[in-house]
Amino acid sequence: MITGTNIVKTFKQRGNVLDKREVPALRGVDFTIPKGGAISFIGESGCGKTTLGRIIAGLETYDDGEITIGGVDMSSLRHRAQQPHFRKVQLIHQDPYSALNPTRTIHQSLHDPLKLRARQTGRSRQWTYDRAEELLNLVGLDPGYVLPRYPHQLSGGMRQRVVIARALTVDPEVLIADEAVSMIDVSLRLGILSLLRDLRERLGVSLLYITHDVATARYIGDDGDMYVIYRGQVIERGPTETIIADPVHPYTQALLSAIPVLYGVEQPGAEQVKPVQAADAASHAEDGAHCLFSSRCPFADDRCVTEWPRLGHAHESLQDPGGRVHACFHPVQRQVAAAPIQRS
Amino acid sequence: GDGDDDSPTTPDDENGAVDETPAEGEVQRGGVYTTIAATQLDATAPPNPFFPQGNSYLGYNSMRLGWVKNHPTNPSEFYPGLASEWDVAPDNSTLTVTIHPDATWSDGTPVTAEDVVVSSDIAYTRGAGAFILSPGAAGTASDVEVIDDKTVQFTQDPENPTSTFINGIMDMVIVPAHVYADQLPDDFAQTLEAARNDDDAGEAARETVSEAGEALASFAPEEDVSAGPYVLERINPSEALLVRNEHFHHDHLVAPDQVILRNYTGNEQIWDYLRAGELDFAQFTAVPPDVVQQIEQVPGNEVSRTYSPVVAGLAFNQSYKPFDDVHVRRALAFAIDREQTVSIATPDGGTPAITTSGMHQEVLDAWAGEVAGELEPYAHDLDRAAEELEAAGMTQENGRWMLPSGEPFEVPIQVVTGFSDWITAGENIATQLNEFGIQSEILTAPDFTVYQEDMANGEYPVGFWLIGLGPSPYNIFQRLYGQSNGWQVLQGNLSYSPPGEDGNWKGGPETVEVDGIGTVNPGELAHELNTASPERVDEIMSILAQVTNETLPAIQMWDYINTQFSNNNRFITDPPDDARRITGVAALAGVWIQQGWVSAAG
Amino acid sequence: MTGATVTRATLRRNFWGSVWRVLLRKPSRLLGVVLMLGFAFMGSIGPMLYDRPLPRDPSVQFASPSLRHPFGTDFQGTDVFSLLVIGSRYVLLTALITAVVSVLLGTAVGLVAGFRRGALDAVLMRITDVNLTIPGLPLLLVLSTVWEFSGAWEMGLVLGLLGWGGLARAVRSQTLSLRERGFVEAARGLGLPNRHIVGRELLPPIAPYIAMNALMSLIVAVYAQVGLFFLGVMPVIGENWGVMLNRAVFDFGAMTTPARLPYMLAPLLAILLLTIAIVLVVDAMDEVFNPRLRVE
Amino acid sequence: MIWVVLTFTFVIVSIMPGDPVQAEYELLLQQGHSPQQAEAQTAMLHRFRPTGSVLEQYLEYMGSLLRLDLGQSVVTRVDVSTILGEATRWTVIPVLIGTVLSFVLGVLIGVYAAIKRSGKLGDALTLSGSLLRGLPDFVVALILAAIFATLWPVLPRSGAVNILYEPGFNLDYILSLGQHAILPIATYAISSYGGWILAMKSSVVTVLGDDFILAAELRGMKRSVIFRYIARNAILPLFTIFALSIAALFSGAIFVERIFNYPGLGMLLINSIGRRDITVMTGAFLLITAAVIVANIVADMFYTVIDPRVRRAGDAA
Amino acid sequence: MTLTTPMSPDGPPSVRIRDLTVVYRTAAGELPAVRDVSMDLAPGTVTGLVGESGSGKSTLALSLLNAVQPPGRISAGSVDIGGLGDVVQLRGDKLRQARGGQIGYVFQAAQNSLNPLKTVGKQLLDLGRSHDVKDLRALVAEARDLLARMGLDGARVLDSYQHELSGGMRQRVGIMLALVLNAHVVVLDEPTTALDMITQANILEIIREIHAERGLTTLVITHDIGVVAEVADEIAVMYGGRLVEQGPVRAVLGDPHHPYTRGLIQAIPRLTGDIDEAQALPGRPPTLTTIPDQGCVFRSRCALRMDVCDTVDPLFQSTGDRMVACHAVAPAATFTTTTSESEREMTPSRAWSGIGSGRREPAADGDGVVARETNEGDSA
């Protein structure tokens, strides 16, 4: 199990001496990845999803907060000591094209971590070969075909499977899939997604799924929690089905409303919400003084621009048995998600 | 000698006795005369002859009292410059100079005795020639007396009278007092007086004098004021343009209206100019034989070859074994085919040395003609070379000569980058020695400065070296047995330093035994040449010739030939033979022009 | 596994096959390779083929080119071609050492700076800047008055030390961009040691670039040393193309008498051919490596 | 940066062997001066040599540098800045003309080579570009000299201008300047032009692959407009190389000026090294280094001016 | 089934593609990226073209402007555009004028379709001059209007460089530049890829509205069926360089005939309903070199594969309300293979001449959940 408490990350961009901009990427995010469970983070571009994923995978530092992996608090450890823990968390990159070294065969790419593993666990050389084949089989690839090839000789889908196989070489407890299918062909996406689902079932790995495609998040883990994140703040969190069916935060609602409706198969939700402004037009001269979404929110009132709603603040105003929390002063459930057309 | 006897003459009868009553139109006038600047042109420097780089053009816009002839035996013969007469006391103790009555500066003021006095004061600040301020220094001027407006008398310090005294004074640059006098401190005469004393005050005075010299060096006169045939018009980084000085006292003899002096950075540039027929005159440069051919083929070009007072030698540092063994040096002298070397390296620039006496052959004939025939010529003879090597305890194995220690005998020959004749000769010598079984290679110093310093530091066992520097006998042997061999004059007294100290890099023995003469101290003899009577000089010269021939501190490779190029398309440049020998090539063409030996063609 | 090995062998064959195809596509490239091999032979074996001292015939100084003497003879009647062959050893050996030194240094500095970033990067890049800013040739001129780089080793070392900046910068920027690539990050995530990441993940993609750079630095090294000898700031010792050039121009009047041009043209032609060879080979390498391994 | 270079140079120059006075003396002898004349000529020089420990000299030199005083020539006593000023124009002007020429030519041909990159001609142009880039400038200079000064002697191989012409704005003088500068300029142009072709070609190929070019075509923009788009975007990255190339040419000037006996900085450096004129040497080296640094800075600034991406970002700051 | 009557000069033009084949020269010879495609874009409709990566969508789109880039070329076929004639035959200035003038193209990566060194305004002027627009002021005014219509501050945008605009803004600028010269055929290649959800929804809405307002004939290319469903009247599905199915959006989505279309729709996870209904499509899409040169291109992934599929190209022929290229669903066999799904016919097939009428279910507005217009926010 991995938990994060109040993770804060601010990027300091160095333009030149005079120009030091601070980009708050995460503003105190709490999360829990239960063992064997799946959670998902959704949100529009630039809201901090990738940053969070990288932090959890130990690839990025964070400014404040606390991460525990298997009960061990990372911030109390030195960099070297953190490593074995972070190795239990493997990140699967969005871009399968850059995730594999173009100059090395799949065989080489898989064997390096396996050899390391073999050395650590005192296993034989043969084990690494067997394991490589085993893993490729596991992700649905033909080892004989794939192993000797270079990445550019494989299709995107195959590459992404190889990436997953490589992540599995270190027997991770958590896989973080950051938009893992957004660059894969439509017809192949579902294959990768079901592979991830499958791995969760067969190997018991937890999944952290990062996406802006809510439907795929639902596919991966409809039993887990969904976190809706907006400009570095989680503004709504709850069981996936609850969030989709009855979102209360206007941002969540806007996000769900924006998902294209497959007319002919579905019909749009009845109470769709549209943000007042595009994200890029909204003013960013803020901080801490008001709701981050207030400038785009069709329902914002005076309170929204003078106070900053924290996650769970507005709890009392809403009976929520399912464990959903949100950060809105005016939570109203709206049915925005498209629904399948009822047959007959 | 009397100046009037040496008045300028040309072979051409018409132009005889020009000194007395110059006639109009006796030389064809007009045109631009192009030649090579001897020193580096410096467009940024002031036209001041005391500027260290010498940014004035001797013979053109910078004048001396007289022009030193490079006579093989008599160092004190001159062509008249600003002086029309000079009178030398028999014991060299006084020199009385009369300035040409018409001598005038280019700004119209006449040249006077005052100018000469100021010039000699300035000469002291330069610390050379007859104007040295070290107490007790030999051959220095001690008194300057103005006889009348055009006459000055110089007296030599009687303690150490030498023959170089006259030379030094005649060779002094004369500058206009009205331009330069202000540059000297007020009571400069007293300062000079004080500086002769060997005490603290003298030391201080000498410092003052040197400082004055330093200041003078960077003095930039507003315009070029010359008593010579030309004044400087302008200068750019590669050329200087001089125009006729109408006030020059022999202006009617001066043919070219303008003179261009070209800069050069490498000899090859001069070759280019010559090949293009662009130069009316060029002084000596090392030129490869077929380049000479090329140059000769250009219409109008003429090549003249005359005596040059310099000899190229292969000098030894006798601190290195086995070069301390005279047999080894002799073996090398026999082993090297000088004829071949010279024919390959510099057929136009030198004649193979007939013997190795430390003197130019012409000088040798003049001074010691009687011993010349008896000297060992060291003609190419590999058998004798082998004998000498065996005498030095060497043996031949598989055709290679081995030292007594069993190691191969190696002869590294040091030369300098850019000295093409030395390099080519060195390469040829190395090839010859290798063919004879002596391991040899040439090594090059990157430039002359480094060569010079390394040589003085004793880093080269064998290297090329200029010797036989004429015309003064003293100079000739000073080169071989002076400071570089351990003898140097300190406060007028000769002292000896062992090899490796005080610049003694040759490391030759202090005294040598010579057949038929006995023990000889070559250093002392060489020093004596400065003051010796002519008879004594004769005697010393033949002894030293023999000493040098037998002990071989250096193997004489070739006597330089002064190869001069001229082009007669625009001007006929036709000086008498001995005028081609005027010391300091810088002066050559300028002197000829003012003497009327150059006239415009057609 | 056997299946895989077989396929790997095929792949390797394919690689050489593609090299061959690339060479055949333009015969000029083949020429480049042949020339390169020729120069390698000339520098390594060539000098051994001649008896020393070289035979000479003072009667045929500066003979014009003929069948016996393709570039004529020199001032002592020695065959210029044999001088050229013997002179190639120093030139090529120096160039090789230079290339090795500058490539090793440049790659190491670039990789470390790009991979480590932070303060070390800043320091290394400062040094690189200095290295890049100091004008090499003038510095060499000044240096040559202090040191005599008479041996090929010293010369190569000095040239190498002066010439690594450009590569270091390029390698660093490539490393930085590769660092952002998923596979480097993945290797970190998998806990692979830095040694592995630098050696196995970062180096291979930039290796072709480095190789091409090494070849180009051969040219630069030849240029620099021959130039130094040509200018005469280096000791003009007999067996070197630069010395031949120097003597030809400054001592033998090659620029004045056309008859002596061959002596100058011989080393010029050698440099020209070497440049052509390297350029052609780099061109071929570019095509062999780029479509497959282009890093950008 | 300059300081590092400077100190480095100073140290090297200080430990340099050789004595300018001795060198001068022996040269005079070789020219046929008598030892006395040679000594008279050189005696003064002894006083010009620097005295004191290397550290003292260094501190003094640095001190005067702060006052922008480069000292005086050890050999001639002329202010180093005067000497450098004189030499610099002979280097800078031909180098600039050569660079601009080759830049224009290289850029045009580079564009052509990029457009025809799959054809034989484009290939040949590219290859010739790499060849010329690889070819040392002294090779180019020597070949040019051999052709135009030796085999077919139509151009001078020494000097900068004929002294007979009155300096100033008159036709003769300017023609003479031009005639002397042709070969150096041609060398600079030829030896740098290959680099431009290659740089421009690869830059154009990159830009051609950029979507906005296709977009412009699909919007029916005129060819000339599209060409302008390509050219401007492709040239932009070349400006950084421009600075570097000028730096390279300054080094190349040493060869070019030596071969054509052209009186610029390179020649000055060689001569001053030969004469062990320490202050001039340091000054020349410093100037060349400073030129390189300044060229880099100027290129950066220029880049900022012409690239709106950088410019506007800078404005915002 | 389609109306191909040429429209009056003022109305939206029609586009008729016939037997279009586009080949690319590769190491293995010239390979067709688009083969024998015939398609009609009815005047005034939005047609959505979907297909996987490499199926030839962009190639087809470029063919509409006769702008296939080397090493590709149109090797056969024609593209007739109402009022223009066969674009494939156009050359030189005429062709250039047609591009931008009559046919607007919004680039696949519109993010990068602007010259980074020039302001949008300057590029607009370049465009105007290229098309010999006399009144440049009017052009600028028109551009400003269009931008304002899309919710942007026109003056500011025109004065901006590309890097100062966000992805969504650049895309809108792209649309503006495609329309500002009054083109009536508009091709949008992946107009929303790389935009986030909310922006995408916004852009799609704009496309829809402008299409209606200006009377356009629009082709929207995407690999996202959701986008087509949102924006298009008509859908065309491409696979391996062929058109495999074309018909009214709702009809096709509700009842896909071609096994590929069906698989594709099934492979999309849905937001609500039974998530496990989603089924992955086996196999992987062909690339240029692996497209079989005879027989059905989809057969290797097809559940309905028959022997005839290996050898005979299925005809792209009309079955009821649409065109399908499949042996298994050929007119005669249609109902034998799709009977189980015939009930889906509930979606009313709709004429594409009606512009956007009633396509979208009206948003519930009773309780104040009114979707505000985007443009209001921007100008604020």
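Note that the chains take the letters A, B, C, D and E in the order they are written out, and that residue 1 is the start of every chain.
Convention: contacts are C-beta pairs under 8 Å (C-beta built on N, C-alpha and C of every residue); 3 or more make two chains touch, one makes a residue touch a chain.
The UniProt protein names, listed by chain, are A, E = ABC transporter ATP-binding protein; C, D = ABC transporter permease.
Everything numeric in this text was worked out from a predicted model, so none of it was measured.
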Counting hops between chains that touch, how far apart are chain C (ABC transporter permease) and chain E?
2
Farthest chain from chain A, comparing Cα centres?
B
As a test of understanding: of all chains, whose mean C-alpha position lies farthest from that of chain E?
B
Taking each chain's centre as the mean of its CA atoms, how far is chain A from chain B in angstrom?
92
On a C-alpha centroid basis, what's the spacing between chain A and chain C (ABC transporter permease), in Å?
50
Quick one: report the Å distance separating chain A from chain E, using the average Cα coordinate of each chain.
31
Residues of chain D (ABC transporter permease) that touch two or more other chains: which are they?
17-18, 149, 157, 258, 270, 273, 276
In chain C (ABC transporter permease), what residues contact two or more other chains?
145, 233, 249, 255-256
For chain A, write out the residues touching at least two other chains, lowest number first.
none
Residue positions on chain D (ABC transporter permease) within touch of chain C (ABC transporter permease) in the complex are 1, 4-5, 8-9, 12-13, 15-18, 123, 127, 130-131, 134-136, 138-139, 142-143, 145-146, 149-151, 157, 247, 250-252, 254-255, 258-259, 269-270, 273, 276, 281, 284-285, 288-289, 292-293, 296
Complex contact set, residues of chain C (ABC transporter permease) against chain A
1, 3-5, 7-8, 11, 181-183, 185-192, 196, 200-201, 204-205, 207, 292-293, 295
Chain D (ABC transporter permease) residues touching chain B in their complex are 17-20, 22-23, 26-27, 29-37, 39-45, 47-48, 72, 75-79, 82-83, 86-87, 90, 149, 153, 157-164, 167, 258, 261, 263, 267, 270-271, 273-276
Help me check something: in the complex, which residues belonging to chain E touch chain D (ABC transporter permease)?
62, 65, 67, 69, 96-101, 104-105, 107-110, 112-119, 126-127, 129-131, 161-164, 174, 177-178
Help me check something: in the complex, which residues belonging to chain C (ABC transporter permease) touch chain B?
53, 56, 58, 61-62, 75-76, 144-145, 148, 232-238, 246-247, 249-253, 255-257, 259-260
